[in-house]
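Note that chain A is present in both complexes that follow, paired respectively with chain B and with chain C.
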Partner chain A sequence: MDGWLLSLTVAVGLVVAAPFIGGILSGIDRKLTARMQNRVGPPIIQPFYDLLKLWGKESFVASRFQALLAFSFMVFSVVAFTLLVLAQDLLLIVFVISLADVCLVLGSYCGRSPYSYLGGRRELLQMLAYEPILILAVVNIYAATGSFMVEGVFKLGFPLVILLPGVFLALLIALPIEARKSPFDISASHHAHQEIVRGVFTEFSGFSLALIEFGHWFKLIFYLALLALFWVPLLWLGAVLAFIFYFIIMIVDNIFPRLTWTFMLKAVWLAGFTLAVSNLIVLALLGVGLAWA
Partner chain B sequence: MLHMGNPKHADILLITGPANRRNARVLKTLYEQTPEPKVVVAVGTCACTGGIFHNCPNVLGGVDKVIPIDVYVPGCAARPESIIDGVVLALQKLAEKRVEEEA
Partner chain C sequence: MIDGLLIGLTVGFPVVTGLLARGLPGVWSRRLLVVLTTIVLIVSSLLLLWRGPYTYTLPEFWDEVIVVLDFILLFYFLYLGFRIRHPLVVVLTLLQLVPLAYFEASLPVIHVEPTLAIDFLAIIMCLIICVIGSLICVYALSYMDEHEEHLHLAKTRQPRFFLYMLLFLGAMNGLVFANNLYWLYFFWEVTTLCCFQLIRHDETPQAEKNAALALWMGLIGGVAFVASLFIGYYQVGNLGLNSLMSAQPAAIILLAFACLALAAFTKSAQVPFHSWLLGAMVAPTPVSALLHSSTMVKAGVYLVLRIAPALQGTALTSAVAFVGGLSFLVTAVLAISQRESKRILAYSTIGNLGLIILCAGVNTPLSMVAALLLLVFHAMSKGLLFLGAGIVENRVYSRNIEDWEGLIARFPLISAIMLVGMFTMFLPPSGMLLAKWVTLEAVASSPAQWAITLVTILAVGSAATTLFWSKWMAHLLFHPSTAERAKREKLQLPYLASTITITALDIAVSVIAAVLVAALVIPTVKPWYAVKLALPLLNLSTGIGAFPIWPLFLVMAVALALAVMVFRAKGGKLVSPYMCGENVEGAPASFRSTADLEFNFDASGMFFDRALGEPKTNRYVTAVGILLTVLVFALALVV
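Up next is the complex of A and B:
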């Protein structure tokens, strides 16, 4: 009973802390970017000010359905992260996180703006690139632990990354897509605001945009938590590594140009697929992993 | 301070150049697409009054002929320092408008 209560407290604490960590991470991102461009940059907590500002602004929505979709994006992102910290079914978690993305794409299709349409299509391409990697990662985790539950990873007793180094690398390759960073930031084009006018976010403003930003922080933390999951008995090491990888991605974001969607699909599918599938094949051939036992 | 390409994400509308018959409609649309509270800054003599184009047949004059302006930044061309000065002034106005809206 005590253990159950403790894990629930930890889960609630993590869900409450996630948006703060996400906001501070994006604040650090803006500061780091500014310093790399020889600017002073905003304070670290600027994203929270921005969120509050958006909250108070007038909100234009194309339809009430669009407002609902912005809200659903936020809710599904929060639910996915909550399910992860509650150690639930990984398949369900991946489906919920893709549902959040689908909401965003549908929302961008609500407006008539060509930029919004373009952004929506590119967002679909991004999903096409990283969703298979996520599903393959879940299949690999099943092969290694014999269970789709996150609990299975905890029961394994040693870090998952020992069995699944390929999957871990594949997820790292897909991380810039999820974090909306160059070279794979094709749908929102964060660095060039004018180019496709923020793509998927074109038609969102004010409160809806604040909700999407909030949901995005959750998604980011969700992805970093997924990376940390691979180090489970050494969860602290996983968390530290996940943050380090995120900082590397910030630097890559500032160094690399944004590339075309064809390159993104090729790179993520060739490298990511090969790594994840070969990892699965090696597991099967060697007969390691609880699924074959 | 972020340079936004999308009026729906913007707080301050920076306008350079005079209003003419072709761009008046676009200007009005952009102004309407910027969510409240918002502040409009006219940068340069052209945007303020029409400048050297003031008596062209197609030019209506300053941007204030089409949409309300909050801050005028004169100069041809306006110096970077004065543009920054104008934007800082606009930020103060934005804060005032926000307080007004809350009241």
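Up next is the complex of A and C:
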């Protein structure tokens, strides 16, 4: 009973802490970017001020469904992260994440806006790029641990990354897509790019935009937690490494241009896919995974 | 007493009312007959569920009747072949007629104990056929009126239409009950006939052509069936499917199963036989709904699921899995390139049937559970989507989904039904996604080495599936923001009754999917496989993973209620979108740009014509399909 209570407390704690960490990361990102551009930049906690301000603004919508879909995006991002900290089924979590993304795309199509439409299309292509990688990553984790549950990773006893270095790399390649960073920030960018304006986010404003920003923090932390999972039982090391990778991505974001969607699709598929599949084949050939042992 | 009565009501009754609908004059007698049949079928299928499995032996007289009817049917196919001047139809019919005549001449014992064997698989199929199938017939009452009004027909063709629709249901029930292979074969051919007649219903040149295509491809399946009938009879000694299943798996017996699998692939439109199902969309939409959800293509997967237990551990089962996998992958990718609503749905059907066949081929306890879940949920969701697509088509007068842009503003009710239907096809926590989740876990955990290939196929196919459904959903929502609040359209009672019932059923069964698993799926699989499935608190646990079903639905419902409350309170002012220029008053898709000129913003879909455009790709797909099918089967039978 005690163990059960403890893990629940930890889970609730993590879910509550996630948006704060996400917000601060986003603040650091802005500060870092500003410094690299020789600006002073906003305070680290500026994202929270922004969120509060958006929250209180008068609500404008492009269609009745738009707000609902923004809300759904936020809810399912939170649900995915919650399932992760509750050590649930990884495959299900991947499906819930893609549900959240579909909600965002549908929201961007509400209202007949050219920029939002363009962003929605590109967001779909991004999903096409990383969804197979995520599914294959989960299958790899199953092959290594003999379980689709997050629990299995904890029971393994040594870091997953020893068995799955290819998968870890594949996820690193796909991370800039989820974080909306260059070179893969094609559906929406943090920087000013006139040809898509704000992409998928163009038509969201006020409260809806606040919901989306909030959900995005959750998704970011979810992704970093997924990377950290590869280092269990050295979870602290995993967490530190995940943050370091995120900082590298921030720097790459500032020195790299954004590339076309065709490049993204090819790069992520060729590199990520090959890495994930060959890792699976190697596991099977060596017979080291717990699933097929 | 009740045993015989239930068989009479599910198999015989729709045939009788179909013939009456053909013969009796008047619209109301026909409507009454269809509604009566619907009620009788639904009630008797529920009674069958309550009665549970049983076997039933009919007197030998009935075997004679079936043989006579079968020969009449084959001669009719021969006549059709000459009438539509299609040599392939003639040859393929003769290839069945001549061996069967020889077979009859050698005075075989047709009689088998039992004639009909109703097990849990048959009950699941019967429920799908009787509930979804007959609701589609109800829908057709309104649809065919609108359809004929649109065509300006002088004389209604509805009597013939409903004859074949109802006959279809009866034949399908007979097909899933039959244990005698001869009976199974007879009902199999009846469904081929119904399919042919319904596709050519509108009698346009295109309809005649596509119906002929469906006919000869179906007849290939018939020939394969006759071959397996022969092998079965001469190797096993009788025509019982149960005897064939329990025979020693010698090479020659495997050949019989391979022939049955081939017959199933033709019925289920697996690559390379997929073109007939794509052609079948020229038929009125209720026909498509029936073919895709509860009859015809489901007969194929039913047969594969039926014989799968006998194939455990053989190389043949891997071959079956690969054919299914190929169909899933290819159609998921090709569906992205389609503009026509019914064609997208058709590709998705072939893909999902491929998934079921893949699961049957993987042949583990868990994969069989996945196959059955896919079977049930696909029937509901796909039936619903076709019904919705038909209603939209009769209002928009186009099947091109680019003309469906912003449909939600014009026809909110039917758009909402379509959106729910699409949601249930690929997003959690719907039943289809649950089934897909079990599929992935089942394939990943299957002991065979080739599981890696299949898992890769599944990963790519799922991503493509997500893309083509979500872009279609998005397209329905894409409408000018300045439109005033849309008024709900009025739909006829049969439309409302059928679509809303199936929607409610789909969601309800999704929420209590665990009950479905406990009551029907596990009992189906249990006699043949050691199922290790737990249902803690009505959630699904596979032993390697867990899917909280109703908690996810609960979260969704609470979130929905909360969202509505919050946004009601906050309100929201409708504004025009940002267009990088001044919006033009009264023209929501236009903005002022250089020199104050008006520019119109046009949005096309995303179809990748250059990479995926038909018919170029389809040729390759067929070629690769034929090659691969021949190769894997040859390998499986030789090894």
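Note that the second predicted complex is superposed on the first by the 292 of 293 C-alpha atoms of A that agree within 3 Å, B and C clash if a C-alpha of one lies under 4 Å from a C-alpha of the other, contacts with A are read in each partner's own complex, and residues count from 1 in each chain.
Rule of thumb we're sticking to: contacts are C-beta pairs under 8 Å (C-beta built on N, C-alpha and C of every residue); 3 or more make two chains touch, one makes a residue touch a chain.
This structure is a prediction, so every number in the text was calculated from the model and none was measured.
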Touched partner set for A:Ala67, first chain B, second chain C, both or neither: second
Touching partner for A:Tyr49 - first (chain B), second (chain C), both, neither: neither
First, second, both or neither for A:Ser59, with chain B first and chain C second: both
Contacts of A:Leu209 with chain B and chain C, given as first, second, both or neither: first
First (chain B), second (chain C), both or neither touched by A:Phe247: neither
Partner chain in contact with A:Gln88 - chain B first, chain C second, else both or neither: second
Which superposed partner A:Phe263 touches (first chain B, second chain C, both, neither): neither
First (chain B), second (chain C), both or neither touched by A:Phe158: neither
Partner chain(s) touched by A:Val197 [first = chain B, second = chain C, both, neither]: both
Intersection of the chain A residues that touch chain B with those that touch chain C: 58-60, 194, 197, 202-203
Partner chain A, residues of chain B touching it in the complex: 2-6, 8-9, 11, 33, 35-37, 98, 101-102
Of chain A, residues touching chain B in the complex: 53, 56-60, 192-195, 197-198, 201-206, 209
Partner chain A, residues of chain C touching it in the complex: 406, 408, 427-428, 433, 437, 440-441, 444-445, 447, 449, 452, 455-456, 458-460, 462-464, 466-467, 470-471, 473-475, 477-481, 485, 542, 544-548, 552, 555-556, 559-560, 562-564, 566-567, 570-575, 577-580, 588-589, 601, 603, 606
Chain A - residues contacting chain C, complex: 58-65, 67-68, 71-72, 75, 79, 88-92, 95-96, 98-99, 102, 105-106, 108-117, 120-121, 124-125, 127-128, 131-132, 135-136, 139, 142-143, 146-149, 194, 197, 202-203, 207, 277, 280-281, 284, 291-292
